[in-house]
Amino acid sequence: MPTVDPIAIYEQMMKEDHFSQWLGVKLIKISAGYCQLQMTVRSDMLNGFGILHGGVSFSFADSAFAFASNSHGRLSVSQQASMTYAKPAKAGDVLIAEATQLNLGNKTATFDVKVYQKHTQETIAFFRGSVYRTSKEIGPY
Amino acid sequence: MPTVDPIAIYEQMMKEDHFSQWLGVKLIKISAGYCQLQMTVRSDMLNGFGILHGGVSFSFADSAFAFASNSHGRLSVSQQASMTYAKPAKAGDVLIAEATQLNLGNKTATFDVKVYQKHTQETIAFFRGSVYRTSKEIGPY
Amino acid sequence: MPTVDPIAIYEQMMKEDHFSQWLGVKLIKISAGYCQLQMTVRSDMLNGFGILHGGVSFSFADSAFAFASNSHGRLSVSQQASMTYAKPAKAGDVLIAEATQLNLGNKTATFDVKVYQKHTQETIAFFRGSVYRTSKEIGPY
Amino acid sequence: MPTVDPIAIYEQMMKEDHFSQWLGVKLIKISAGYCQLQMTVRSDMLNGFGILHGGVSFSFADSAFAFASNSHGRLSVSQQASMTYAKPAKAGDVLIAEATQLNLGNKTATFDVKVYQKHTQETIAFFRGSVYRTSKEIGPY
């Protein structure tokens, strides 16, 4: 049985993940059930009020969620996710998305993702999402 | 008192909404508390499994939600939103996001957004979001 | 293969469902993927502000969700649910919970439940929940 | 200006909170933005599958959320809440609900509530809720 390698899974997923590439996400840390990403807010990510579009902060959290939930080596499909907004972000802000595992069942799993300002540590949004864990392996590696 | 014009509000918001422009959203219909948008899935919107990134379908719904909730002429700030995924979408799919108002209070309001395939009418995701309604007017128009 | 009978499933579940009995829920209508219940708000269901406790309106919706999701004859386990409150309810109010199916997949399904005043039709809360559908049959009937 | 006393607020709310009394909640600890409650699962709280009804675990979390969000001395009204279920609970289980503040704004605030087994520390559900903070004081004390 091949050992599951979260970094190799991340790299294989990321190679084809065109939207996470557009976001400019950069891996900080990954391990089984955990992922930390970084990105910098650009002006083409802003909404009509001149602040970061809520869909972009959600997407950033959603990418961290996808890498964390697939890190166990079983293809995991997002079923449901929610986002609570705390503070706006603006162009130039450097953000961290940190995904942690709340619960890992055989068929489903749930993760929290905190999106925060790298420099001030202020949280801008709280994401929570659940996946269905298929029996299909990702890999082999 | 100037009459509130949802189309003028949409146009003013959209002019500065760089991320909705990147999504390629096109207005189908807007009225007080209602918005229908269209977009076409592109390859740069896909995730590592070759299907539409969940953050992009959320963003599309979130834009319809923002236009619908601001259509009453009071600046409305997203507080919380959730997304339930039903079916994947792929490059080339033409999608509709239809935002309808569930509840309009003085300080808060809630909207449902259904994201569906234009041609088959199949729903791909169900979004629900709440805003805080500030006392600040959008406009004048 | 025995035919699945949503009413028989409801009756078998309800016979042992002590908390739904405490709520005083009464079946109005049930069919595959659909359930409508009625209950009357009592004074022992109120919170510290003298209005219906949010947990009771959630519970009422959750019971309709459970009956609707199990009506297909496969044991279905709640994974996640959310509640958006629109208006308060008070002692003596007669409420309806109407559960409708948004999406039925092989492994998961999602339902909306609207809780509203029977007499005025005013909605008091919007519930949305997802189940994991086990392969275990309920019944046979 | 009178000092806000979270314990006095709890006691005043709880005195009239008939449903939290029915649940049998007992205060373990309360402070500004924080509340920890205990309750014991009874047989009249079970659902049709013989386990704790999801509405009861939600209600227990919701009560902790209400006490924590009102502890600042401003009347706070629940707008939205979600529940993710991790493990079932059964009659006799002693449960803790611990509400912590994620974000405190001027008009809104968000709380997480973890519901877990007192003896094994196993989490049974994760609750997240948001309130609208009115300008009305609770008290005076």
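So that you can tell them apart, the chains are marked A, B, C and D in the order they are listed, and the count of residues begins at 1 in each.
Going forward, contacts are C-beta pairs under 8 Å (C-beta built on N, C-alpha and C of every residue); 3 or more make two chains touch, one makes a residue touch a chain.
Small disclaimer: the values here were computed from a predicted structure and weren't measured.
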{"item": "Between the pairs C-D and A-D, the one where more C-beta pairs touch", "value": "C-D"}
{"item": "Chain of greatest Cα-centre distance to chain B", "value": "D"}
{"item": "Separation of chain C from chain D, taking each centre as the mean of its C-alpha atoms, in whole Å", "value": "22"}
{"item": "Distance between the centres, which are taken as Cα means, of chain D and chain B, whole angstrom", "value": "33"}
{"item": "Distance between chain centroids, defined by C-alpha means - chain A, chain D (Å)", "value": "29"}
{"item": "Residues within chain B bordering two or more other chains", "value": "79-80, 82, 84, 110, 130"}
{"item": "Interfacial residue positions of chain A with respect to chain D in the complex", "value": "82, 84, 86, 102-103, 105, 110, 123, 126, 128, 130"}
{"item": "Touch list for chain D against partner chain C, complex", "value": "12-20, 22, 43-50, 53-56, 58-60, 62-63, 66, 75, 77-85"}
{"item": "Of all residues in chain C, those that touch chain A in their complex", "value": "79-80, 82, 107-108, 110, 130, 132"}
